[in-house]
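Read the structure below first, then the notes.
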Amino acid sequence: MSTSQSSDHDSKQDLINYVLRLGDDALILGHRLSEWVSRGPFLEEDIALGNVALDYIGRSRMCYNYAAELSGEGKTEDDFAYLRDERQFQNFLINELPRGDFAYTIARQLFVDVFNKHYLSALLQSKDQTLAAIAAKGIKETQYHLRRSREWTLRLGDGTDESHQRMQTAIDELWGYTHEIFEHDDIEQRLIDAGIAVDAAAFQKQWLADVSAILAEATLTVPDAEWAVRGGREGYHTEHLSLLLTEMQFVYRAYPNAKW
Amino acid sequence: MSTEDQIEDINALEQKFQARIDAEQKIEPKDWMPDAYRKNLIRQISQHAHSEVIGMQPEGNWITRAPSLRRKAVLLAKVQDEAGHGLYLYSATETLGISRAELIAALQDGSAKYASIFNYPTQTWGDVGAIGWLVDGAAICNQVSLQRTSYGPYARGMIRICKEESFHQRQGYQIMIELAHGTPEQKQMAQDSLNRFYWPSLMMFGPHDSESAHSARSMQWKIKRETNDDLRQKFIDQTVPQIEYLGLEHPDKDLKWNEERGHYDSGEIDWEEFQNVINGNGHCNRQRIQHHVKAHEEGAWVRDAQNAYDQKRRARKASTAA
Amino acid sequence: MSTSQSSDHDSKQDLINYVLRLGDDALILGHRLSEWVSRGPFLEEDIALGNVALDYIGRSRMCYNYAAELSGEGKTEDDFAYLRDERQFQNFLINELPRGDFAYTIARQLFVDVFNKHYLSALLQSKDQTLAAIAAKGIKETQYHLRRSREWTLRLGDGTDESHQRMQTAIDELWGYTHEIFEHDDIEQRLIDAGIAVDAAAFQKQWLADVSAILAEATLTVPDAEWAVRGGREGYHTEHLSLLLTEMQFVYRAYPNAKW
Amino acid sequence: MSTEDQIEDINALEQKFQARIDAEQKIEPKDWMPDAYRKNLIRQISQHAHSEVIGMQPEGNWITRAPSLRRKAVLLAKVQDEAGHGLYLYSATETLGISRAELIAALQDGSAKYASIFNYPTQTWGDVGAIGWLVDGAAICNQVSLQRTSYGPYARGMIRICKEESFHQRQGYQIMIELAHGTPEQKQMAQDSLNRFYWPSLMMFGPHDSESAHSARSMQWKIKRETNDDLRQKFIDQTVPQIEYLGLEHPDKDLKWNEERGHYDSGEIDWEEFQNVINGNGHCNRQRIQHHVKAHEEGAWVRDAQNAYDQKRRARKASTAA
């Protein structure tokens, strides 16, 4: 009896953890995209990047609200976003890297969008109804995101010499961060076994094939560099995240007990 | 045709044009219009467009620091709407025979203006609320009257824009309500933002009618539908109960209800300060344009790539077709 | 009796206010200079800019400690630096502007160093012994600072076309912020009348003569532009200050009640 | 002189050189030295210099966020000292006939190394404490032994640097004391930083003696004075009571006092992780070099201006003199 209770508790903790991770991925990337506002190459892109940012921020809110509901401690979405320290955020590193130039942002979006296409399709099959619902909404959004990042990859890769060079540099710089997104730890393994979480390793080859096809069409080269940086899911972050959180959390933390 | 005939011809056209306007008919892009009407409209609509675009900056300054996820999303969507309005208004201006590139160049070299209110800095989160409430509020007073402006594309743009703006104004006021009814620090933040943005908002309506340069002809052409002072009065009157509801002090110590006029009498506006900011002494005049130029220049290679790609694609299509 | 008490109280409040202003000027400029660490054009400059930054941060601490002592409410230097909001900081705007390129930093230092040469000499005569002592230390530091900024102005102004152009641009961009530093409000007027504060207007012409002479030697032009931005002493700041404070105050505010 | 004579001559010089070293005499810049000795020294001292310079970044990351004015000043002064050490060591390297520009180029193109510990990110304020305490602590163990190194300028540099480094180490440990004896959040911050920086600090001493490539000859030349493992042991031993005083858990669960050896036995070091970070998989490998390149490139026009100005001044002097 007590064993079963404790295992219940653990699996709930696992689920909360998993939901927070998905929320962190969405929030941090959404935040980075929101930095583009008033800085895009033309107005239409300001709007489009804002749309994508809004989708991600919206997704993070769904995740955090679900985590709040699961934890049942009276927490709110904002508690998770604004009161956790840098070491508690568990987003994949690729999401926290600075926005860089437009090529860098597009290359990251391409990698993430193709990833999400497969990830969310799999999450749609989750035995957890809320996660499946979040996935259903996310799939629609991802179709739009991926169309954009694919088209921009073609334009920039097959545009001018400069745009080609910038795009290739961005791809090379980001490549080392695309490995950890297919890996998982024991927490996620237990949830995968339970039919709740997604095993991204299952579609890694497909991801590579999809990305390679788009890059080839864009006259860009798939890197064969061997480096890989890991640690997001353990809260082991680059120096960029704490600076992002400094900005994001300041007002909230500067006025404790305030409502906004 | 002799010169005399030509002049007579133009006079006739102008009379017909004015008659259409008097009859509240809309002027459309392909219609004949006096050159001065066209120029005036380009000036007015592009200034409006530039204001939307430059206006993204002061509020955009707080997107990454918005103190709740909901506020963050709402603010981001709002600033995005401003980009949309800018786009929409640039398109309306383009129907008058000028390109977006020319409009942007005029903004950047200072020959075109934007609303001077955006030269004021956003110092605190409260300013995001105050801008939504007061600045958008003032803009709406103006824009509502422009829904009936004589130029078709502009009037239709205003109808669409007004809807979104009133949404923004409510959101700004919501921020103020949270602050004014929040902790003492928050209430102080709200009062401070109100104090700083109230007077500049009044100045958004422009100089008093007696001092306004373009007004008479613009009214005749129905590019303007109400005078600066009338619109300003409307705004002053509607703002009083809003400030009361917030429980904040009114920044105008001379404000007084005038039973006879059925309006509030207002304290004197510091026009010197207004001119001061317009003339380049605001906190952000340089910053706003430099920010815009920087983003535009950093985006040049992207626009070039897009053009190059489109050309390549067209060339490929042509060669396949051949 | 009660009038005299209240006037005592007011003059103490005036003094606290004045001391905080001097502290704010020093802290904000010191902070900006500290941003150069590891970003200078060569190692010697990293060190030199760090030295100047340290002098300013040191000066701010003397001021804040004096303010704490005067206020007698058990406050510390850190309370003033870390717990006041953006609207409460009263530094002149020139100190909060972003560090810009090396020319921008040097041009600002030149303006501020010449200013401080005169200001601190006058403050040395203050009837307030602590302020006079702060001035005495500051004068020595300023000699070093000014030697540096003068020499760099000559090198950059009379160096290459690019350095000349950058230096002139920096001077033009900063000029409008050099007006308010010679102005004062009623608070400072009362302290000037009491022989405590400095009336900077008294040496404005001398400042202009000094700066003009250095710029002329550096083949640079004194701007005749008419614009002027004001507001620092009223806490009416550019958008740059709140971002600076966000970064500076975050850790302190994120952990209330902690000692460091 | 015949080739044979030349070889004999060099042999004689080498013997004399080694005899001087064996007699604990310092080698000075103008003395004859074997080419391999020179190259080895350039590699070693410049790597040390680069480590000081790159090491400015992880701690520099927290100067603008230091949580008290005193800590801010102390940290700024410390990072500045590192710049000073870098400068001092570049000068020592230059006595061996290589320019600072060449050294910087080698750092930037990856042919010269810096201590891999600086590829780890500083995630929290606690990391500033842990770096001062552990990383500087490990560096000191090494540097103390190098105060007796055979090359004069290097040995003298080490004496000076060691003094400042122990100062830094105490400051770092002071940060840890405040944290460990502070609020629960602060204590957790201290533990977390200790956990992340303990093992990488042990790796700073390099591979085990059995695996170390350069060691034997470096010891013979007295470029190195103690083995990697001996220095590491010293560090491990001195750190145990420091962790105890802080009241933190020791990150090495296998740590055990060995009565017989009079030393602590340590758990296994994860050399795979070490190699992994060295080979470019650390969080900051790219960032550190990119940051350095960016600052260097942004400073190019300043260095050019300085050179141009100096030339002009010399030319003016010459023409006045003529």
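The letters A, B, C and D name the chains in turn, as written, and every chain counts its residues from 1.
Please note the rule applied: contacts are C-beta pairs under 8 Å (C-beta built on N, C-alpha and C of every residue); 3 or more make two chains touch, one makes a residue touch a chain.
From a predicted model like this one, the values you see are computed outputs, not experimental measurements.
Of the two interfaces, B-C and A-B, the higher number of touching C-beta pairs belongs to A-B. Among the other chains, the CA centroid farthest from that of subunit C is the one of A. Work out the mean CA point of subunit B and of subunit D, and you get 58 Å between them. Subunit B has its Cα centroid 36 Å from the Cα centroid of subunit A.
Put simply, the C-alpha centre of subunit A and that of subunit C have 43 angstrom between them. For subunit A, residues touching at least two other chains, in rising order: 85, 246-247, 250.
Among all residues of subunit B, those that touch two or more other chains are 65, 185. Taken together, the touching pairs give a contact graph of some other shape, not a line, ring, star or complete one. Considering their complex, residues 85, 243, 246-247, 249-250, 253-254, 256 of subunit A touch subunit C.
By the touch rule above, subunit A contacts subunit D in their complex via residues 85-87, 93, 173, 176, 226-231, 236-239, 241-242, 246. Subunit B makes touch with subunit A in their complex at residues 53, 56-57, 60, 63-73, 76-77, 79-80, 83-84, 86-87, 90, 125, 175, 178, 182-183, 185-186, 291, 295, 298-306, 308-309, 312.
By the touch criterion stated above, subunit B contacts subunit C in their complex at residues 58, 61, 65, 121-124, 185, 192, 196, 279-287.
Residue ranges of subunit A in contact with subunit B, taken from their complex: 27, 31, 34-35, 37-47, 50-51, 53-54, 57-58, 60-61, 64, 77-78, 81-82, 101-102, 154-156, 158-160, 162-163, 166, 247-248, 250-252, 255, 257-260.
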